[in-house]
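This structure is in structure tokens; I'll ask about it shortly.
Chain lettering (A, B and C) follows the sequence in which the chains are written, and residue indices restart at 1 in each chain.
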Amino acid sequence: MTKKVHLDHVHLLHLLKAMIRIRHFEAKCVELYQAQKILGFLHLYDGEEAVSVGVMEALTQDDAVIATYREHGQALARGVDPKCLMAEMMGKLNGCCRGRGGSMHFFDRARRFYGGNAIVGGGLPLALGVALADKMQRRSTVTACFFGEGAVDEGEFHETLNLAKLWRLPILFVCENNLYSMGMAVERAEADIDFVHKASGYRVAGEKVDGMDVVAVESAARNAIDRIRSENDPYFLECRTYRFRAHSMFDAQLYRSKDEVEAWRKKGPIVRFQTWLEANRLIKPEELAAIEEEVDKEIAAAVAFAEAGGLEPVSEVERFVTMEAVPS
Amino acid sequence: MNTPQANAAATRMTYREACKQALREALLSDSRVFLMGEDIGRYGGCYAVTKGLLEEFGEERIRDTPLSESAFVGAGVGAAMAGMRPIVEIMTVNFSLLALDQILNNAVTIPHMSGGQFAIPLVIRMATGGGRRVGAQHSRSLEGWYAHIPGLRVLTPATVEDARFMLKGALADPNPVIIFEHVMLYNMEGDLPSDMEKVDIAHAKLRRAGRDVSLITYGGSLFKALEAADALAAEGIDAEVIDLRVLRPLDTKTILDSVAKTRRCVIIDEGWRSGSISAEIGMRIAEEAFFELDAPLRRVCSREAPIPYAAHLEDACLPQVATIVAVARELVRPS
Amino acid sequence: MPALGADMEAGTLVEWLVKPGDRVKSGDVVAVVETQKGAIEVEIFLEGVVSNILVPVGARVPVGTVLAQIDGAPGAAPPLPLEPAAAALKPAPQILAQAPPMPAITAPSSRLKITPAARRRATALSLDPTMIVKGTGVEGSIRLADVETYASGAKLAQRPAKKGLDLSQMRQAIAAAMSRSKREIPHYYLTETVDLNAALTWIERFNAEKTPVERILPAVLFLKAAALALREQPQLNGAYENGAFIPSSSIHVGWAISLRGGGLIAPAIRDADKKSLAELMGAMRDLVERARRGNLRSSELTSPTVTVTSVGDRGAESVTGIIYPPQVAIIGFGRVVTRPWVVDGRIETRPLVTVSLAADHRVTDGHIGGLYLAAVGRLLQEPDKL
């Protein structure tokens, strides 16, 4: 941990709350999924909360974010309104994308959240473009590009890292390495599982960080962004993490043992951070209770908002296939 | 080859030059416009369209890219989302397949999927078509595939004036636009009316009026159709030639009006017949002008094979004037 | 024995058109079979040489019965070692006349090849495209120009007198239309004998004061009565197309005119029900004259909604017509004859005419037809009101 992270009481509670918000939001999603109010795919971020929360803490509102299809946590940590997200999950008109995107495709223009992308690796080239545009428009911003370690298998990863370095674009590559691309274990997919090493093949500097430690992630991200701005170069962050739940809702998890999952759960980002806070007397039980109560209230309000939302009229289904103007 | 129209107050130039002037005008008139693509800078462009632009506009706006079609097309999408007006050149349509994910899953999907939060004002230019003896992997005509995709505008300039001015319309469009430049047209010369400033990018155009049969085509086949019409005229058959210009959204009205007039139609399409744009046009005619038809619909398409290198085989695969003439004649004067 | 309709169970072989040793090919007509629906030609779908006729003329056999054997059919199974008696009972692949079970009357092979534009134009002209014998379009299809030529050419059809009209072509056209009618339209026929005493008396008085040009013929009364009666039975006036009857709001009577040298044409007298007798007489004269000169307008040929034929003085006592498709009725008036007739219980001689109706059973039943004929008879009793 470096001096860059201001570990004051308020900030620590803020980090914990941000992670609990994601965890509880998704727990509610599972409930709604089982009640068939949420349909389709549901890729839970359960276990990976520290990555998004840590990285987003290091970004400013002017920075840009490219997300994956496991982006509930990324969107919530970025500050997208849980109400709009829940409504989107339920396919409602008051969702962030009018119910057209669903779980895998959250977009929020106001927060420069350039979308959950369900094509593995598909977001990487977009990050190039957003960063290039910002650079050409003389904006001193950073584009944070999230992707799983599965995306490293794709050509886009290699093309993008090469170009990012070649054109010296301000991109923070955030590899959420949860060890499995669906059921494919990383060591079964990669000849070299050292991702930082891979990035270095394109002369992109990077480091590995414990993705289960929110403070470590935030600290690494802050350092990375400082470096991006000062060196005028991209940076690569591998966040080692773990997904506690199935890949999606249709997954018997034949590819890993229950023991493995249990062992990782014990190292979970929330339980670990909370235990550390308690052990160091940095949080009082009533503060924890208050956080959980506030979060649950927020989520209840989000569900109520979503439930009250209407459906987009079928007559509008072709609207925005072509745009009439570029939104400003 | 000549463009059909000759104008006294006109400048004569090649299609290539027209493309270049269009790019230059775009770069001069809007600082958000920049070019990306393989060998567009120092090399001067695979088809020499961008020659000289690097010297004039510099490396930041004329960006040579590595051979990473998916990355630089995706970068174009991202840059368009973030306020720029990128023009991406993919050397040929054959290589665009490496970027198809970015075009389909991102460029044309994000505006709709984001509920209208983002537009993608991106222009992609690419060369298309056969006839240059360069074998299957450099000779495809896949513009019909792209015309399948909602959200995309697909332009096929076939004349010098369209090469010169379609880009302007494409850049004004808030949506992704693909411009297909047929490889056999770059050296074609034509007259550009000096008072011309723009063309529309929404309509097909009547290139020759006729009463007996409609020849409906686009791109590199336009001049074959016009030549066929001349040959038919010598036989007393008055053929009408429609240049589609825009494959998506398709200008159905112009097609239907022509067919309603001539009641006979031959669609000439360098794409393969099965599932082609010609199939789409034929079906629209069947749906909306069925009772106007006084003869079966006919098509002249490429043979359903990869385009071979050998000249005689390539010629046999591509639509040719003699075939168009024979098919049209048979509709008007059955043997 | 091929299935020539879903409801067909058996058929009678009435004629063999081939004999053993004959070479046949797909599409040849090889036999005629009598069914509930009438005589139907049996097509063969194989190629080869007829080796054995198994069902004699006159025999009634169930559908599926082998009618004859053919050798050398490509793809046919090798001849089965069947006893001759058994062979006649079991269908085998090398046996001819295995017509697919489809209604023969709408077999695709007989479907008219006509372009959509030509069909639409023909419909607009109320013209039967089957009358156009030869199409000049792709694959011999009838195209727009053929319809136009036919429509205007029907008037030219009269030129024979002067310019050597191709009567055989008209013959062919009549053949095509009448064949189609007989093939597709289930006709029913009714007749009614009508006393013309009042009518003829009235005509005599009417004509007495007129110049020869103004005089009317009994046929005019027939025409008017037939037209007016249609107002009471509109289901006899219109067209049957695409499986549905479309009644006509106007009564345009096709007046059958036989041409010198043969041939028949039935141009329309428009709104015949609304015209006065003098107008009708004028129209008839004009039509006959122009028909014989070959000077009819195409619209006159294509617009009739019903046909009336009157055989006149030299015709037969009664006539039962064949409906002109897509019309649904034809009314026939025979020669006026003087016959004993019972009037008020006494036998008297009276001028009588036999009025017939041939109507399309898909549209009306005999009850309607009977009411119609009764109306014609009633109207002819009050000629002054016509």
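In this text, contacts are C-beta pairs under 8 Å (C-beta built on N, C-alpha and C of every residue); 3 or more make two chains touch, one makes a residue touch a chain.
Just so you know, these numbers come straight off a predicted model, no measurement behind them.
Asks: Comparing chain centres built from Cα atoms against the global Cα centre, which chain wins on proximity?
Replies: It is chain B that sits nearest the middle.
Asks: When I count C-beta pairs in contact, which pair ends up with more: B-C or A-B?
Replies: Of B-C and A-B, more C-beta pairs in contact link A-B.
Asks: With chain centres taken as the means of their Cα atoms, state the distance from chain A to chain C in Å.
Replies: 81
Asks: Averaging only over C-alpha atoms, locate the centres of chain B and chain C and give their separation in whole Å.
Replies: 56
Asks: Need the CA-centroid distance for the pair chain A / chain B, whole Å please.
Replies: 41
Asks: Going through chain A residue by residue, note those that touch at least 2 other chains and give them in order.
Replies: Within chain A, no residue touches at least two other chains.
Asks: In chain C, what residues contact two or more other chains?
Replies: Within chain C, no residue touches at least two other chains.
Asks: For chain B, which residues are in contact with chain A within the complex?
Replies: 34, 60, 63, 65-66, 68, 70-84, 86, 101-102, 105-106, 110-119, 121, 150-151, 153, 174-175
Asks: Considering only the defined contacts, which chain B positions touch chain C in the complex?
Replies: So the residues of chain B in touch with chain C come to 263, 290-296, 330-331, 334.
Asks: Okay, in this complex, where on chain C does chain B touch?
Replies: Residue list for chain C touching chain B: 115-120, 136-141, 143-145.
Asks: Taking the complex as given, what residues does chain A use to touch chain B?
Replies: For chain A paired with chain B, touching residues are 64, 66, 95-101, 105, 107-109, 114-115, 117, 119, 122, 124-134, 136-137, 155-156, 159-160, 162-163, 166-167, 318-327.
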